[in-house]
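Shared chain: subunit A. Partners: subunit B in the first complex, subunit C in the second.
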Partner chain A sequence: MSGLRSFVARRLLLGVLQTIAVVLLVFALIEALPGDAAVALAGDQPDPARIAALREAMHLDRPAHERLTDWVTGLLHGELGTSLSSGRPVGQYICDGFGPTLLLATLTAALLVPAGFGLGVLAARHEGRLADRLISSVTLAVYAVPEFALGILLVTVFALQLRWLPPTAVGYGTDLLGHPAALVLPVLVLLARPVCSLSRLVRAGMIDALASPYVAQARRYGISGARIRYTHALPGALAPAAQQLARTVDWLLCGVIVVEALYVIPGLGTVLLDAVAERDVPVVQGLAVVFGLLTVVLNLGADLVTHRLAPRAGVIA
Partner chain B sequence: MTKLRTARFALGMTVVALPLALALLGPLFAGGPGPRAASFTLGAGHRLGTDFVGRDVWRQVLHSGRPVVLTALAATTLSYLVALPVGLLAALTRRRLLEELLMRPLDVLLAVPSLLLILLASTVFSPGPVGLALLVALVNVPDAARLVRAAAAEAAARPAVEALRMQGETWWRTAVGYVGRSMLRTLAADTGTRLTGVLYLVATAAFLGAGVAPDAADWAVMVDRNRIGLFVQPWAVVVPALLIVALTTGTNLLFDAALVDARPSDRGRGRGTRLLDPIRTTRSRAGSEARP
Partner chain C sequence: MHDERFPGLHRRGFLATATGAASLGALVLTGCGSGPAEDTGREGDGKPTKGGRLRAAFAGGGAGETLDPHLANLFADAARAKALYDKLADFGADLSARPRLAETWEANKTLDRWQVTLRKATFHDGRPVTAADVLYSYRRIADPEQAFRARASLEPIDLDASRATGERGIEFVLKRPTAEFPNVLAAFGAYVVPQDSGESGGFDTKPIGSGPFRFVSFTPGRSAVFRRYDDYWEGAPHLDELEFVVANEESARVNALLGGQVEYAHELDPTTARAHEGKGQIAIVRLPGSAMQGFAMKTDRAPFDDKRVREAFFLIADRKELVDGALSGAGVIGNDLFGKGYEYYADGLPQRGQDLDRARALLKQAGAENLKVTLDTSAVAAGFVEAASIFRDQAKKAGVTIDVEMGSKDSYWADILDNGTLCCYRSGAMPVEAHISQRLLTDSTTNATKWKHKDFDALYQQAQSTRDKTERAAVYERMQRRLYTEGGFLVWGFADWILGTARRVKGVSAEAPANTLDWARFDKVWLA
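What follows is the complex of A and B.
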């Protein structure tokens, strides 16, 4: 099927272009600094020694294209530069923060699919009745709420009033698995928005699928309701949900940064925010490249899956 | 289903009314800055206690809504100001090259996570409210332009546009008078979802300290700065957080209820197309029309 191959080829090409764009954009960050980058970065402590040190550390005396070449060569070798504030390699920062973030992301992704599909199917089964109206209204409302507001309210209720859960993960370090109670609120907050959008899409897709002729035919054959729902109707409802997956990636990334800040979890988001606050440009750049590439790859994956499920609804490429 | 729709509309109105009124009219009733008291106290002449630097929380709440609402509105408007001409031009041009030149760079930009871009920019600049609005508008342009192009391409392929062209009507009349008008409904539905998304992004960026002063009057900043005193003085955190929840939730409910009949894909389909997610309908529409 040449259509598929050319779609995949075009989508891969777009992915490569997006990767290049992310790398260039992140590099352009320094070039966009007004005036002398070293002076701008020194910020509150503009003493000449610090400015000279910054200029030295970032090789600002060399032309931009040489620095770009060096930086890209470094990236290809997995070298992301060294921190301006501590002198440690950026790769080490990423290694340190990777564990907690991966744990949060894995837990969220593992719970997202059953929760989103479960709610969606449940609402579709009871279309128009109380359960459906309740699920639809709540998901519509929660869908729009920023993580930090939801998170802080949950802390107020569950940690402050009821004292069921710890308010933050302070003191647990990276050993989060040893303290599962500290993970409940962060994962709940991270799940809130993606579950809402996923369940709404699954609901809409299921309602369409359940009303379709092929499901009616399956009913005529006397196939059981559960089997119709899960093996016949649900696959048809998958395509629109898969299209939403790419968007969810962006949300999870935003969400991880906010949730880590809110619950003081020492993951990549916290590393990024600390580096932003200290204007530690190499660390910010390194993390931005990692986050950017992750998004490009996950988007690519989601688009390919969507294309596999619904070849007609061409995704961008 | 109209009953449910009216109920939701009323619910949305009720939920959004309080934060919106506080945001728009609050500063008029706030009065001058009072004397600073001790940080995180309760009572003592302060209705909601004091915040992290000893300011009256109620007064801060009155002052802090406006930036959130105005920045979000400005960012949404700005993104359409760019996306509309770009999308219309790309849909109506006969030159394939121009269309590619206009749309392809935007496709590439879609890959950059929105919050990451804002954080990156705030590493090197101190954007301020105007800068934040510009940045949020910027991250919304690619998606908005794609939607405009898809909606306009559908209208531009109609025989009526051919007829207008053959009559020798001006480009302006064809593009704005006919194509622009026929995609108003899709645009209206998209405005609702976009405004919700922009509100989310503006508030989240402010919470993370991007684009705002550390002691700025902003509900999101209040939540962030006062959270160290949550156990002593919860009101300074809970009130602004609840207002943000009400504002975003209410906006979403309101637009969803108001735009049910503005959703174009409800035509020609059987049962079960009511109450669809506006995002899904406009997006899948945009998707399927992007590649006919």
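What follows is the complex of A and C.
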């Protein structure tokens, strides 16, 4: 296992370097955007004297490298800095936004795994027959619908016409768990496309695996069909799906802006969108650190799972 | 992340507000009996009933929001500040100053000293509102370290020389004669907070004001809950509780309203309004004259340094087409002057229409045939991009080639202030005088048309030193006549501000332009 351990160590180190690169890139990109936090705050009253005063109050009059150095120094002490626009700690921004995001991501992932794998296996079992065609064409069709359109459609039908569910989570704040009905539509929208892509990957993997020599060999030994499918073919089919799942969870955790805006769920996506519009560099950088680390850890986890499921695949080498 | 498909996803209502001196109020005004508050409800709303909780959805400012009224910047901030705090004066539907915490104001002969008497009012903790509180608040706003938005509005006041003349009396000493001083008292963000509340830092945890609602709870970017203040000087509000919730996406505000999750949705699109108007599910309220829409021509540079070119552009615009196309018909046409329907608006001038032949002739005279101009626009305000492309097509008919250039919406206003030659422009409601002082004087801070004329400045000073209201109105008329003839603002329309309310919400004013006293005034609203 020492090989595995050094692999993990190497990947983590690489991940940290990647995160640093992302943060630097984000800093450079925001600096390159037209306007800064002072200009954004002044809005439609761009009185030059006021913008200058705001700039001074936000310490934006100091050179960019000094501001970046200060922020990095703070980070080494475990501080993410303070927001330019409100003066509140960036950590608080991220904590407040993380709750709703984590809740949505957890619920979606919890439903995504059984739904995506189940549909994929079902389609593979009935390859070429009615069930497969039905599943394949529906998943393809749903995959083609943009989230925003699907979201509006679901709200119109289930919230405004049938009145089964609340249209948004407005006013529920962080207490989303106390209003589970408000979570149904957003989770459905978040599920829609990942379920489709995941089930199609599982289906393809299963069909490949079921046609493979080792499955044929297992059949010759007289092992039951169910056992072949779930203990022999499925693990091999899961390897690519695990990677896809990691990417999906990463996407969910890094804030899903459209769904958050449509259903008024104040998660990390909203925090990011606001911070970029306000040119609030420390908040964007703090988010870049969190998103970067999440991506590294999730992908590493997926690689390890893949390694466990299909050692020959050699993804780890 | 698929947000790039929705450029309007995070549209927030920035307020264009008064930072100059004020509009014309009577020089001596008493609050008693002049309050328009009692009859602002829509006709047929019936007798107010007490109680209930109203939830109002606004586009907000995210996790950085604050309840510090002096930091107010967005419509949501202004609505919350208005519920918790009071100003000395506020604007009526015609943008003239009305007394609020100030009971009376009276100027000396030279209009540079004003005696203001406060009415009897109390803060939510029971302390009386005093002259010391007012002076503290104004000095806080004027602190150069803080860069508060209202600082520029209070500029005419010499705060070092101004003083309390009693518990409820203040003598304001001004740096120069200011006939419109009451407008300063009504300026956006000039709220009265209790002494020393800035230092104690409790604006977001236990804010104390003298407004109609008292604080219950606040979560930035999500919700603010307020409760009725029974001892409010103007009478307790009808509602028991008021909750502001934040929903940045217009469709989310509409859906929440239709689904019964909120009773009031601020800032709706004209298409939404048309879809639901008269259908009985929700009530649509249009606040006329809320946003001037136009194009700003830089009068100090080619080609617009030639007034014939400016006049040609006035004549190119088909205003009806612009209102129908860019505002989906939710508004009225403009006449190249700011403030239609406001006090001192020069409404006697003939309505300008499209005249392409005359425009062509003027361009020819100016030697500007085959003119090419870049028009700056951005998704910063509703209808900007549409207006730009409509005007491009109209200009083509007069032989003018317009290149439309899209800019960043986060820095648009700063970008167009000094750069370019022609840009899309809009402004929220403010007195005509404030529009002039902020944008059309040599030392104006946001002079987007670069209109700098010493004789025009002199006329403004003359108006500010004229005690008689009729005479002052005549001076403003002269100034506006000049702007109409050769100014830099091509004002093609005035947009309605659109709200949606649940059917049982009554007492919502339908006359008050956004950002005036009766706009978002929840103490006069009740649930039937």
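The definition used in the following text is that the second predicted complex is superposed on the first by the 235 of 317 C-alpha atoms of A that agree within 3 Å, B and C clash if a C-alpha of one lies under 4 Å from a C-alpha of the other, contacts with A are read in each partner's own complex, and residues count from 1 in each chain.
We adopt the following convention: contacts are C-beta pairs under 8 Å (C-beta built on N, C-alpha and C of every residue); 3 or more make two chains touch, one makes a residue touch a chain.
Just so you know, these numbers come straight off a predicted model, no measurement behind them.
Participant: Return first, second, both or neither, reflecting whether A:93 touches subunit B, subunit C, both chains, or no partner chain.
Facilitator: Only subunit C is touched by A:93; subunit B is not.
Participant: Once chain A of both complexes is superposed, is A:85 in touch with subunit B (first), subunit C (second), both, or neither?
Facilitator: second
Participant: Touch test for A:223: subunit B only (first), subunit C only (second), both, or neither?
Facilitator: neither
Participant: May I ask you to decide whether A:305 touches subunit B, subunit C, both, or neither, giving the answer as first, second, both or neither?
Facilitator: A:305 sits against neither subunit B nor subunit C.
Participant: Contact-wise, after the overlay, does A:140 reach subunit B, subunit C, both or neither (first, second, both, neither)?
Facilitator: A:140 sits against subunit B, while subunit C stays out of touch.
Participant: Please indicate which partner A:271 is in contact with in the superposed arrangement: first for subunit B, second for subunit C, both, or neither.
Facilitator: Second partner only.
Participant: With both complexes superposed on chain A, which partner does A:184 reach: first (subunit B), second (subunit C), both or neither?
Facilitator: A:184: touches no partner chain.
Participant: Tell me the contact category for A:72 with respect to subunit B and subunit C: first, second, both or neither.
Facilitator: neither
Participant: In the superposed arrangement, which partner chain does A:160 touch: subunit B (first), subunit C (second), both, or neither?
Facilitator: both
Participant: Would you mind listing the overlap between the subunit B footprint and the subunit C footprint on subunit A?
Facilitator: Shared contact residues on subunit A (touching subunit B in one complex, subunit C in the other): 33, 40-41, 146-148, 152, 155, 160, 167, 254, 257-258, 261-262, 273, 275, 277, 279.
Participant: Under the stated contact criterion, what part of subunit A meets subunit C in this complex?
Facilitator: These residues of subunit A touch subunit C: 33-35, 39-51, 53-54, 57, 83, 85-86, 88, 92-93, 96-97, 146-148, 152, 155, 159-160, 163, 166-168, 170-171, 173-174, 254-258, 261-264, 266, 269-271, 273-275, 277-280.
Participant: Considering only the defined contacts, which subunit A positions touch subunit B in the complex?
Facilitator: 14, 17-18, 21-22, 25-26, 29-30, 32-33, 40-41, 127-128, 133, 136-137, 140-150, 152-153, 155-156, 160, 167, 197, 200-201, 204, 207-208, 210-211, 240, 243-244, 250, 253-254, 257-258, 261-262, 272-273, 275-277, 279, 281, 284, 288, 291-292, 295-296, 299, 312-316
Participant: Quick one: which bits of subunit B touch subunit A in the complex? Just the residue numbers, please.
Facilitator: 1, 4, 8, 11, 107-117, 119-120, 122-125, 146, 196, 199-200, 203-204, 207-210, 220, 223-224, 227, 230-231, 234, 237-238, 241-242, 244-245, 248-249, 251-253, 256, 269-273, 275-277, 279-280, 283-284, 287-288, 290-291
Participant: Quick check: in the complex, which residue numbers of subunit C touch subunit A?
Facilitator: 1-3, 5-6, 9-10, 14-17, 19, 55, 57, 61-66, 73, 144-147, 149, 151-152, 219-223, 243, 245-249, 251-252, 255-256, 258-259, 261-262, 407-408, 410-411, 413-415, 417, 426-428, 445-446
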